[in-house]
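Both complexes shown next keep chain A, but they swap its partner, so chain B is in the first and chain C is in the second.
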Partner chain A sequence: MTVLFGQLFTGISIGAVLLLIALGLALTFGQMNVINMAHGEFIMAGAYTTYVLQQSITGAGLSLVVALPVAFVVAGAMGVLLEVLLIRRLYARPLDTLLVTWGVSLMLQQLARDVFGSPNVQTRAPELLTGNVALPGGLTIANNRLFILALALAAVAALTLALRLTPLGRRIRAVVQNRDLAAVSGIATSRVDRTTFFLGSGLAGLAGVALTLLGPIGPTMGTNLIIDAFLVVVVGGIGQLKGSVIVAFALGVLQATGEYLTTLSVAKVIVFVAIVAFLQWRPQGLFTLRTRSLA
Partner chain B sequence: MTAVTPAPPSTAVRPAPAGAVPPGRPAGRSRLRTLAGFAFGAAVLFAVAPLVLSDFRLALLAKYLCVAMVAVGIGIAWGRGGMLTLGQGVFFGLGGYAMAMHLKLADAGPGGMPDFMQLYGQLDELPLWWRPFASPWFALPATVLLPMAVAFGLGSLVFRRRVRGAYFAILSQALAAAMVILLIGQQGTTGGTNGLTDIKGFFGYDLDDPVNQRMVYFIIAGTLLALLALTRQLIHSRYGELLVAVRDGEERVRFLGYDPASVKLVAYVVAAGMAGLAGALFVPAVGIISPALIGIVPSIEFVIGVAVGGRASLLGPVLGAVAVAWARTALSERFPGTWTYLQGLLFVVVVAFLPGGLASLWALARRRDVAAQPLRRGRLSLGRRRAERTEVPAA
Partner chain C sequence: MSLFRGRRILAGAMTLVAAAALTACGSKTTDEGGATGVTADVSGDTVKVGLLNSLSGTMAISEVTVRDSIMLAVEEINAAGGVLGKKIQPVGEDGASDWPTFAEKAEKLISEDRVAAVFGCWTSASRKAVKPVFEKNKALLFYPVQYEGLEQSPYIFYTGATTNQQIVPGLDYLKSQGAKSVYLVGSDYVFPRTANKIIKAYATANGMTVLGEDYAPLGSTEFGTIVNKVKSSGADAVFNTLNGDSNVAFFKEYKSAGLTAAAMPVVSVSIAEEEVKGIGTQYLEGQLTAWNYYQTTPGAANSKFVAAYKAKYGADKPTSDPMEAAYVGVHLWKAMVEKAGAFDVEKVRSASDGITFDAPEGLVTVDGKTQHIAKTARIGKIGADGLITEVWNSGKPVAPDPYLKTYPWASGLS
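Moving on to the complex of A and B:
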């Protein structure tokens, strides 16, 4: 029972990290059909932002609190810059966007290497987040994992509310559902695109801050995470957030269970096979927006 | 729905109106030019390069030509078929590992075990799945058939359910990630991160001997030329036309009664076979195959050469792959950091602003020539525009 619960929670916490990363992707991929491979480097930017802030703010707790909004803005600004300079020109060519943003991600990685050095760096975790929460029955939950789970859920909640209730969210939903109709209805779609990119990239920055609690920060930290996050979006279905939320946790639990029953490497293969099998059943992902378009 | 098989070019000739050039099929003059091109390529690869280059540089060229073979396959799948495959490293690796396993077993001698197994795995006997690779009659076909089988399995599942575009690209990349993690995880039987190294013999020939290295180079160069000839026939056949049609308008092709999934599957499987062959020949040329050579990053680096050269052209991928690999060696020897920036910039500039690659510059220059001769313009540009359209339609 303890083991089962432990594995379940490990899975959920893997899922929370995946979710934080995939949320931003789901936004940009869903709205603009853009595969942003540099998303991983926005995560890295968020993580390094935390590292830099800790150089000047000594209190680990305070620096984490400050890092969250700052990383959001830093990564978001990078995203807007990328959108304005490159991606805007490539909206009709999604596959080419993938390659172009991969090139950008290579350059950003090298930039990080030149600025911060190739070796990984560490940040200090606030004391509050280093311990465990003891639950009745001898179960324990690591505080930092709990914090990330809370952060992910808060991000989902905030994003859902923003999409449902704010005028901006209404415009975003309109553009996702039918770009042309939104445009003729007077929505400045290109401005909405830029805002979405800011939000999506900013969420990557938040994910970066969260990841500093789990391990070291390095120039290539984004690459390893980005593919799993893309799989979440692909399997979850684009255009809606709930698919990504469900799939992120499902993949996390599957990964953790597979890891427990076999090994890490076999678990990865199991997850891949499961995804291909799932796409046989629902090739468009778990939830799709029904449209009349042929593509 | 009709199942589509690639018709051999000889049966593809339909009774055409007199004087009309069947679409996409080269006229006599261009066939002559192609033959001349092949003769020139063969002369460069077989006569000039071995005379001009030192043994070290020739070995490097052999390595680049292996990358070029993968590029030819990507040119078919991506340039002609619109399937951006970011996991060619998997097939390259399957071919490479199949070959390396055989060579390791041959090095160890009958009943022997590869050196690393005792080291990491503490195994007492050869694992079951290694055993067939002791026989060259199994291992050599496996270098090509194994990748093709994996591509067939994934492709038939995925294309039939109309998973395509970016979704397919991500899946193919995830396959590469899974494969590498599996190889590293099973260190005892796969050599882990180090891969299979220290391969000494190649079917009885000592690979340390420069003469034998030269022989390996000739085999690689010959294989590349053969693959190019095959590819040329393929893209000028009716199947090749159909493939381009599927790339540019999958639904239209479906409405015409073809099965786009089968068309794409053939191209994907052929590309995988080429990558497997390239991996198999890479092993004797370089003496190592490891996860670092086949993972996500090398897989996407295969693509950049194709993009630079021109994804939809025949020679573009080859020249682009060799040029990029050469630039990489030349620059990263001296300025390791600079190369990464340059490579990133190459992705951005070429893909964003020159999607047809360098081949499109060539075609552009030629089109201007053609435009100067108004009489032949209509006829030529018709075939060419079809064959060389490289824009990927919006998904």
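Moving on to the complex of A and C:
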């Protein structure tokens, strides 16, 4: 029973990690339809930001708190730079965007290697986050995973509220639903694109900070995550956040269960087979956006 | 743009990623046949040796340190007058973490540069790729990394540990500490799977229980479930053959789950001083490693080696087991050549038996029959300063036994 709950929590926390890395992509790929292969490198940028901040801020807890907003801005700024310099010129040519951002991703990896060296770097986690909460019955819940779960849920809540309630959110939704109509209604679509890209990339930076608590910080950390992130958004349904949220947790629990009953590799196969079967049944993903746009 | 279009492009993206992964894994060894026994060019007043390490790609992080320590050995030998009166002229090649490239560069070093010996390779995959090249050309390779054993090429000298000099002593140590059960965690490729086969045979013969065995693909960084399984198994110890980035995620998860080195120690065979830096002592303090050499190994030879390495490459650079084995390889080759009185490969090979060297790890002796070397096995504990201190050693060098022929329990393995 303890193991069962332990595994359930592991599944939920895998889901939280998936959600955090996919959330930014749900904006840039889901809402704007830009395939940004460098999204993983924005996650890496967030992780390295944490590392750099720890060089000057001694308290591990304080530096983590400071790293969250700073990484958001750093990764967001990189996203805006990419949007302004390259992606904006390629909106009509999605295949070229794919190749160009793939190239940018390789360049950013090499940049990280040149600046920080190819070996992994380490950050110190605050003592509080390396411990765990012991529940009756021998069940323990790791604090760092609780933190990531809370961060993921907070990010989803903030993003949902921003999209629903703020004028900016309304403009983003308008552009997603019908770009031409939004433009003739007086919305500066290119500025909205830039802001959306800033938010999406910034969320990747946030994910990077969270991942320093779980895994390695190195030049290639982003590439290992990018496919999972795309899977979540595609299965969840493009253009909708709630699809990504549900799918992230569902895949997390499926992965954890499969892995417990079999092995890690077999669990991955199970997850992929489930995804393929699901997409055969619902090629548009879990939820789709109803739109009156003609495209 | 329709939603479907987005997905089709995404499929393109996945193909691209997959293709990149495939090119990295594809392996084809050059096999031209015909040419036999290219003799080394030793006519001038220098003798060329080949240095074959990955200076780029995923293995560069480890292999560059090996190249550095080979260069250190070459400089030391040249400063002391060279080999048979000839200065060593190193010819460096980049294996680029790509196994066919290793084979191609090995061929180039042997046939074009006509080197007297080659030092290098790290992964077993790269060694397997160059092995036929060296055997076809009857040229010499000195391989510096601990490996899974069960191999004995007449044209390779293995200066790292084979299984009975690293894994078996690791198990002996656990047994002596009273461990009755172990859990095996490893990366999913040839070395961990072979190592775990050996560990299971050992366990059966020594009254230990293997409570579980889990593999993660190389590069995997999600260890929630595996650590859950390890924890609920209640094993006395964990034997860890994970490689690379996975170690970072594994040890972070291990600590978060409340598992400690005191309650359930982890013995690792792929974490040396360099890797400790990348994982963080916060997560590793108190955990165990099995090697033949640590930066802290006592002795004058090691003090000299560490001081020379730091003076040349920087005070913050640690020395580790594979680096030391590579350094020892160059010195052993020099001693073999001098005993043979010639650079000729067959003469060097027949002179090799019994050659000794006062290495940083202590006295090592070449076993001419297996072309491995007798090394002292050492178990170390990772300290808060990131260095590893010895807690146990085998007392004397352990004779190499790559096929574990002297261990009755291993009879069904090879």
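Keep in mind that, in the parts below, the second predicted complex is superposed on the first by the 291 of 295 C-alpha atoms of A that agree within 3 Å, B and C clash if a C-alpha of one lies under 4 Å from a C-alpha of the other, contacts with A are read in each partner's own complex, and residues count from 1 in each chain.
As a working rule, a contact is a pair of C-beta atoms (placed from the backbone, for glycine too) under 8 Å apart; a residue touches a chain by one contact, two chains touch by 3 or more.
These numbers were taken from a predicted model, which means no experiment stands behind them.
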{"item": "Partner with the higher number of touched chain A residues, chain C or chain B", "value": "C"}
{"item": "First (chain B), second (chain C), both or neither touched by A:I35", "value": "both"}
{"item": "Contacts of A:N120 with chain B and chain C, given as first, second, both or neither", "value": "second"}
{"item": "Touching partner for A:A157 - first (chain B), second (chain C), both, neither", "value": "neither"}
{"item": "First (chain B), second (chain C), both or neither touched by A:V266", "value": "first"}
{"item": "Chain B versus chain C as contact partner of A:W102, first or second or both or neither", "value": "both"}
{"item": "Which of chain B and chain C A:G239 touches, first, second, both or neither", "value": "second"}
{"item": "First (chain B), second (chain C), both or neither touched by A:G218", "value": "second"}
{"item": "Touching partner for A:P94 - first (chain B), second (chain C), both, neither", "value": "both"}
{"item": "Intersection of chain A interface sets (partners chain B, chain C)", "value": "29, 33, 35, 94-95, 98, 102, 223, 227, 230, 234, 263-265, 268, 283, 295"}
{"item": "Chain C-touching residues of chain A, taken from the complex the two chains share", "value": "2-3, 6-7, 10, 13-14, 17, 29, 33, 35, 37, 94-95, 98, 102, 118-125, 130-132, 134, 140, 142-145, 213-216, 218, 220-221, 223-224, 226-227, 230, 234, 238-239, 255-256, 259-260, 263-265, 267-268, 283-284, 288-289, 295"}
{"item": "Of chain A, residues touching chain B in the complex", "value": "29, 33, 35, 86, 89-90, 92-96, 98-100, 102-107, 109-110, 113-114, 223, 227, 230-231, 234, 263-266, 268-269, 271-272, 275-276, 279-280, 283, 294-295"}
{"item": "Of chain B, residues touching chain A in the complex", "value": "82, 84, 86, 154, 157-158, 161-163, 165-167, 169-171, 173-175, 177-178, 181-186, 251, 296-297, 300, 303-304, 307, 337, 340-341, 343-348, 351-352, 355, 391-395"}
{"item": "Of all residues in chain C, those that touch chain A in their complex", "value": "1-7, 9-10, 12-14, 16-17, 58, 60-61, 188, 214-217, 219-222, 224-226, 228-229, 231-232, 245, 248-249, 252-253, 255-258, 274, 277-280, 282-283"}
